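For reference, chains read A, B, C, D and E in written order, and residue numbers begin at 1 within each chain.
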Amino acid sequence: MTGAVVRRSQKAGLPPGSLVYVGDEAAGKTTIEVIEYTPERIDETSVQDAGDLAAYHGRDAVVWINITGLHEVGVIEKTGEIFGLHPLILEDILNTEQRPKMEDYDETIYVVMKMIGSLEDGRVADEQISLVIGDRYVISFQERPGDVFDPVRGRIRLPKWRARRLGADYLAYALIDALVDGYFHVIERFGERIEAVDDQIIADPDPETLRSIRELRRELIFLRKSVWPMREVIAGLERTDSTLVTQQTRLYLRDVYDHTVQVIDTLETYRDMAAGMLDIYLSSASNRMNEVMKVLTIIATIFIPLSFIAGVFGMNFRNMPELEWGYGYPTSLALMAGVALVLLIYFRRKRWI
Amino acid sequence: MTGAVVRRSQKAGLPPGSLVYVGDEAAGKTTIEVIEYTPERIDETSVQDAGDLAAYHGRDAVVWINITGLHEVGVIEKTGEIFGLHPLILEDILNTEQRPKMEDYDETIYVVMKMIGSLEDGRVADEQISLVIGDRYVISFQERPGDVFDPVRGRIRLPKWRARRLGADYLAYALIDALVDGYFHVIERFGERIEAVDDQIIADPDPETLRSIRELRRELIFLRKSVWPMREVIAGLERTDSTLVTQQTRLYLRDVYDHTVQVIDTLETYRDMAAGMLDIYLSSASNRMNEVMKVLTIIATIFIPLSFIAGVFGMNFRNMPELEWGYGYPTSLALMAGVALVLLIYFRRKRWI
Amino acid sequence: MTGAVVRRSQKAGLPPGSLVYVGDEAAGKTTIEVIEYTPERIDETSVQDAGDLAAYHGRDAVVWINITGLHEVGVIEKTGEIFGLHPLILEDILNTEQRPKMEDYDETIYVVMKMIGSLEDGRVADEQISLVIGDRYVISFQERPGDVFDPVRGRIRLPKWRARRLGADYLAYALIDALVDGYFHVIERFGERIEAVDDQIIADPDPETLRSIRELRRELIFLRKSVWPMREVIAGLERTDSTLVTQQTRLYLRDVYDHTVQVIDTLETYRDMAAGMLDIYLSSASNRMNEVMKVLTIIATIFIPLSFIAGVFGMNFRNMPELEWGYGYPTSLALMAGVALVLLIYFRRKRWI
Amino acid sequence: MTGAVVRRSQKAGLPPGSLVYVGDEAAGKTTIEVIEYTPERIDETSVQDAGDLAAYHGRDAVVWINITGLHEVGVIEKTGEIFGLHPLILEDILNTEQRPKMEDYDETIYVVMKMIGSLEDGRVADEQISLVIGDRYVISFQERPGDVFDPVRGRIRLPKWRARRLGADYLAYALIDALVDGYFHVIERFGERIEAVDDQIIADPDPETLRSIRELRRELIFLRKSVWPMREVIAGLERTDSTLVTQQTRLYLRDVYDHTVQVIDTLETYRDMAAGMLDIYLSSASNRMNEVMKVLTIIATIFIPLSFIAGVFGMNFRNMPELEWGYGYPTSLALMAGVALVLLIYFRRKRWI
Amino acid sequence: MTGAVVRRSQKAGLPPGSLVYVGDEAAGKTTIEVIEYTPERIDETSVQDAGDLAAYHGRDAVVWINITGLHEVGVIEKTGEIFGLHPLILEDILNTEQRPKMEDYDETIYVVMKMIGSLEDGRVADEQISLVIGDRYVISFQERPGDVFDPVRGRIRLPKWRARRLGADYLAYALIDALVDGYFHVIERFGERIEAVDDQIIADPDPETLRSIRELRRELIFLRKSVWPMREVIAGLERTDSTLVTQQTRLYLRDVYDHTVQVIDTLETYRDMAAGMLDIYLSSASNRMNEVMKVLTIIATIFIPLSFIAGVFGMNFRNMPELEWGYGYPTSLALMAGVALVLLIYFRRKRWI
């Protein structure tokens, strides 16, 4: 089963543990990278066939297996078989509409997270990352090539890296930390967009601004949905009974928990700002309408009575003595000027002009 | 008592455990299907008389009794008598306005849920499903023919189905899982409708759009009311003290709990989107009004002064020397053009045109 | 002290346990009905003097004393003396602005609730009902004649009524159940009114509709205030340490708890609906204004320029050659028609017509 | 340090326990009243010098010291010294912007509350009341003369008052109860004002109404801030470990807790009512605008085309044959009437008239 | 690394404990002040080189080291080395976008807070303050010169200061107390601005007012983000298991906790006020628009029909007998006056004038 867009509802009725890929069409082949390290050495390999992963189970080193591309269900299934993963884990790995969560199975801990990135136009996209944390290994699953883990790879390669002598749990922490660090980039760009729109609302609230507000609100809903559950995920790891997580790593998990809270805090700040935007937009638009109406009212209110006066003196009655007067015309103009002046003073009093 | 629409308030004053059908008029006869299976064999029968169910109580196999149609109260009463169900369970089965809940009676567990489906026009309808989970049996009660359980029936019929050797609790889980899977279909369709309306609000916010927003909001209220309590229901099953639910099944219940949370999450996303829709609609409508007002203001503001000038030169005073000038007429036209130009420049400055 | 409207603030400064009636003026006399029953017999009496109640204390039967009319403070005081009720209970019975609550005194349990009814015009009214539950007796206190307990009276009179052999706690449950059943009638009527207004908002949002929305919101506030605390009251009874409530009755209390949750659920649904109503009303009213403005704009925008043209040709300059042309008049009409046509096409383009 | 308005920020940087009066300017002298009572006797004195209070410490009677006026810091300091009060208590007594709270020091319990009163115009004002509850004494501190404690004073003077033989904790309860009773008066007056504004919004929503809504909202914020924390305060007293509060008094504290909940409940009702007021005002104002616009539209839409027709027949073309017809004039009038009629029918159809 | 603005996202991918300054460009040099005191003596020094701090570790006196300026990362690193601070503490000190928090490391307690100040124009700015509380020392870290700790310095210098004999925990308390005291000044100024805008909204709601409302809302979001977490921070210190905080100091921490709650309470009051401001602004603006529209409608509605009448009598039909009448002209004027009068009465009836 390769590549088509599969929706969650198409899984309806399948038994639990059914391995069906739910996600966007993904071109390209599934790739498997393996990094194995001990304090003394490091090996990096690219594995072609999932069956070859059996060689990496139960090693006397920390093994990180990174699988990119979920549409080749067979690969996931084989991996699960080798490492003895519960069918419900495999099912969740393949369903990329999962909510971030952490589940404690006896032999392994299963973690689902959302990696978030900014597209060129500043809009936000996500990718589901699953981590399976075992005794001496971490397996990460990604939807598409490209991730935020390069700094971790770089550190592993350093022979002097302290964490070389720490276990798989520290490696998992490092991956989660890198992923959460990635959020800061996204929310900073988002913050800039929100500021820009916020200024525009007051300065020049056109229909395009309304579209932007709508867009921001929707992305905010999306971001919150991805980030909020991360707090629970990391707190779960920090407090788990599992012996897979050492005391030392828990201290570092507290640190990344803190980062997540900071991201959430900033998102809530944006939410509070966005919440008022529509009301300000409406008020701002109402101010502009007010201004338009005032111009119309002033012009119309001045000239309609004047036109009426002109109309009266344009009537064709035979017997209109003022039409015959030598100063009838200038007097009528003066009358009109007088009316206009009175109205102008009235508007001035009302502070419309 | 067959078929009429009965409202909840008509039960007022009846003693507890009174068997009164509260629901829509339901044509057709009540039907009873029985599926009995062991690892070795499977029997499917259609039972005509509720009294015949006595044969299926206390069997050495898992028995699934599916009763469709609640308006024949006698059938429900007889079934309750045979399986020793508490009168309060029977009363709740018949009251189809029940809130989803899970209740632990000593010998049985009683579960009420809402099955949700999309009508042809995309609108949402529900049907109350009750499950009674006993030692070796599950009894399901439906309001109308048609359900989402066919995939479960299909799996039971497979001789190699693993769960053949599991108990009634796993069967109940499978039914609940199928029902929750059905939610995904409904919320995906609902999501499409919400997207469509959301686009329309910006592009072309007519009164019909307002009607759609109202409709969406009401259905969302309805959906949330059906789905939210499911979380508690499944968590209740997962954590119950009852020995009717085995440890193995609880792991699967955690999985379906997860699905429910995912559905709720999506519903909350829609709710957040819908919450802003009316404000955006109002802003969008205000934008359109603004545009209308601007056109009126520009036209009126330009032509009202011009008409006034024409009116002045249309007055019938005898002594209006400019009327006699050879270039009076073109001069007056030039004057009018000048006034119009000044106003156009003014509007340009204000960026109205 | 008989009959006047007394407000809560008039009690300020009185010592605790002061017996002052706080409520609406209540005409008529206080009445006392007593029903006494054992499995074998039933006696119904009307007691004239509160002092005679002493005969009903410490009987070997279940006694239900129903006192209607709280303005005769002496009756309440005497009753309290006979049954040894705490002064704070008596004070609360007389204060009809009490919030529903359940209080555990050692010898008795005190329960305050609100009975709700629909007036002829569909509006909602309430009446405070107090229950004192003792070892073998229940005393109910009402503000006015008329209640929802007739079905309970009817059941007590049936010789075959199972509950004849149950204690006072079951009788109290039956009264609470009848009272909660009464809520369903009220909220169904309320639901119909809310539906009617909801349709009107879209179809024909006139000022009268606004008044209805306001009315519904106020009644909803009122209803929620009466019903929400009932959940706590019944849960309190279900979980109390008191030996006055038997295990069997607790199962029935769970059932009526369930009913209360259902009522609350429906009220919250109405609240969600009502919450959006004003926004929809405003949008709907804005749509109608928009329509009005469009008509004005179209008419004015077409005819104002045409009038200007007519005004120009109505000027009295001597030297206006076009006035002399043979085809001047039809040409001017054609010019006007042309201008109108251009404007109509413009409006068509904007989809205003 | 006497009398000036001191703001909280001026205390910045002072060490904890610094005795600085934060409050409004308070004219007049600080007064000290002492009431001492046993079951047998009662003594009332007015103490001139705080130093004389030493005589009332450690007496074999219940002593109530009531100090009015906080600006004479020395008095408070001396009192604290005599009764061994913690400097943090004294500091809080002097800071009249304290939030209501209850603090358990080992030898004493410290309680801060807000006494609320209605000014002549119905607006709300508050005064901070501190209570220090010791083994055989209660000291109350007020900002200004006048309080709601007169009924308590009256009861103490009654020789037959049951509570004469109860301890200082019951006296403290009686003071708190009197203070909470005072709330009912305020919220009833507030309720009347809210009702009046609510009616005005629909009947005649002028700018003055908007001002009233604003005022009500602000006072509601103020009231809630004073009253909400009282719930916690009284619950704290009811559940405290301190031996200063006897079992018997706790029962009475539950009663006054109940009153507080009732006040809060009513405030929340007002809040819900006030929450919708602005939306209703806006809708109501929009309805009025709509009406204005309709009148304008109807008049303008009818007469603008008619004026155009008149303008056409007022043009000065030489060759306008209809002007010469005998029935030209009445025909033109008929034409105008026809146009007006068509427009009137159109408006009727739209139900604008 | 000196001075540039560094954003949080630039830390992405760095290992935990990486020392990178995240903050605004900060000119000037990092300064280190040391105050050491015992009950008998006090020493104040300015340390040039962080390495010299080693002399102050493990002293038999209380040592307060105050470091101002975080951009010189080496200073922070050296300090951490000398006092054995965990790398995660150092990292957080340098990241000035930290959320206020309190963390218990075994040997030290780490506290991050926000110092808030008002700029000249009343707007609000913050500065991150970190405290490291050790056995006999407190180290404070600030971003920029200037703080609210001068009163604490003053008190330390007093030989008779009671706290001279208390430990580092009391010193830390005194610093936190001074910082929280600083909030009162800011929120009082903020309160004045909110009052001013609140009045302006009703009196003269121009676009500038809208800008002010927006500003206030944003600053409120900012203030709440800084202050809310302080409650948790101080509660954490009050309840910590750590032996670094003595029982006596905890009593004082309860006092400053109280101050924080008071600040939060006031902020929430402002939030409630600000929440309604936009709605009131919109209503107020709508009132003004209404007034404008009424003037337009009255003038236009009166003069448009009059102009029509004048237009009719300005038509050039040959056969218009009324034009020839001697009283035609005054009759026509009377007709116009009559029409105007009828309309004026109509407007009066509608209470528009």
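What we mean here is this: a residue touches a chain if its C-beta (ideal position, glycine included) is under 8 Å from a C-beta of that chain, and two chains touch if they have at least 3 such contacts.
Here is each chain with its UniProt name: A, B, C, D, E = Magnesium transport protein CorA.
What you see is a predicted model, and the numbers here were worked out from it, not measured in a lab.
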Where subunit A and subunit E overlap in contact partners, by chain label: none
Shared chain contacts [subunit C and subunit D, defined touch]: none
Cα-superposition angle relating the copies subunit E and subunit C, to nearest 5°: 145
Same-site or different-site touching of subunit D by its copy subunit E, using the half cut: different
Computed distance of Cα centres, subunit D from subunit A, in Å: 42
Centre distance in Å when subunit A and subunit B are each reduced to the mean of their C-alpha atoms: 26
Multi-chain contact residues (two or more partners), subunit A: 279, 282, 286, 289, 293, 296, 300, 304, 307, 311, 314-316, 320
Touch-based graph of the chains, sorted into line, ring, star, complete or other: ring
Cyclic ordering of chains (reference subunit A, direction subunit B): A, B, C, D, E
Subunit B to subunit C touching residues, read off their complex: 7-9, 11-16, 86, 88, 91-92, 97-99, 101, 103, 206-207, 210-211, 213-214, 217-218, 221-222, 225, 278-279, 281-282, 285-286, 288-289, 292-293, 295-296, 299-300, 303-304, 306-307, 310-311, 313-316, 320, 322-329, 332-333, 336
Residues on subunit A engaged by subunit E in the complex (per definition of touch): 148, 150-152, 155, 174, 177-178, 181-182, 184-185, 188, 198, 202, 251-252, 254-256, 258, 261-262, 265, 269, 272-273, 276, 279-280, 282-284, 286-287, 289-290, 293-294, 296-297, 300-301, 304-305, 307-308, 311-312, 314-320, 350, 352
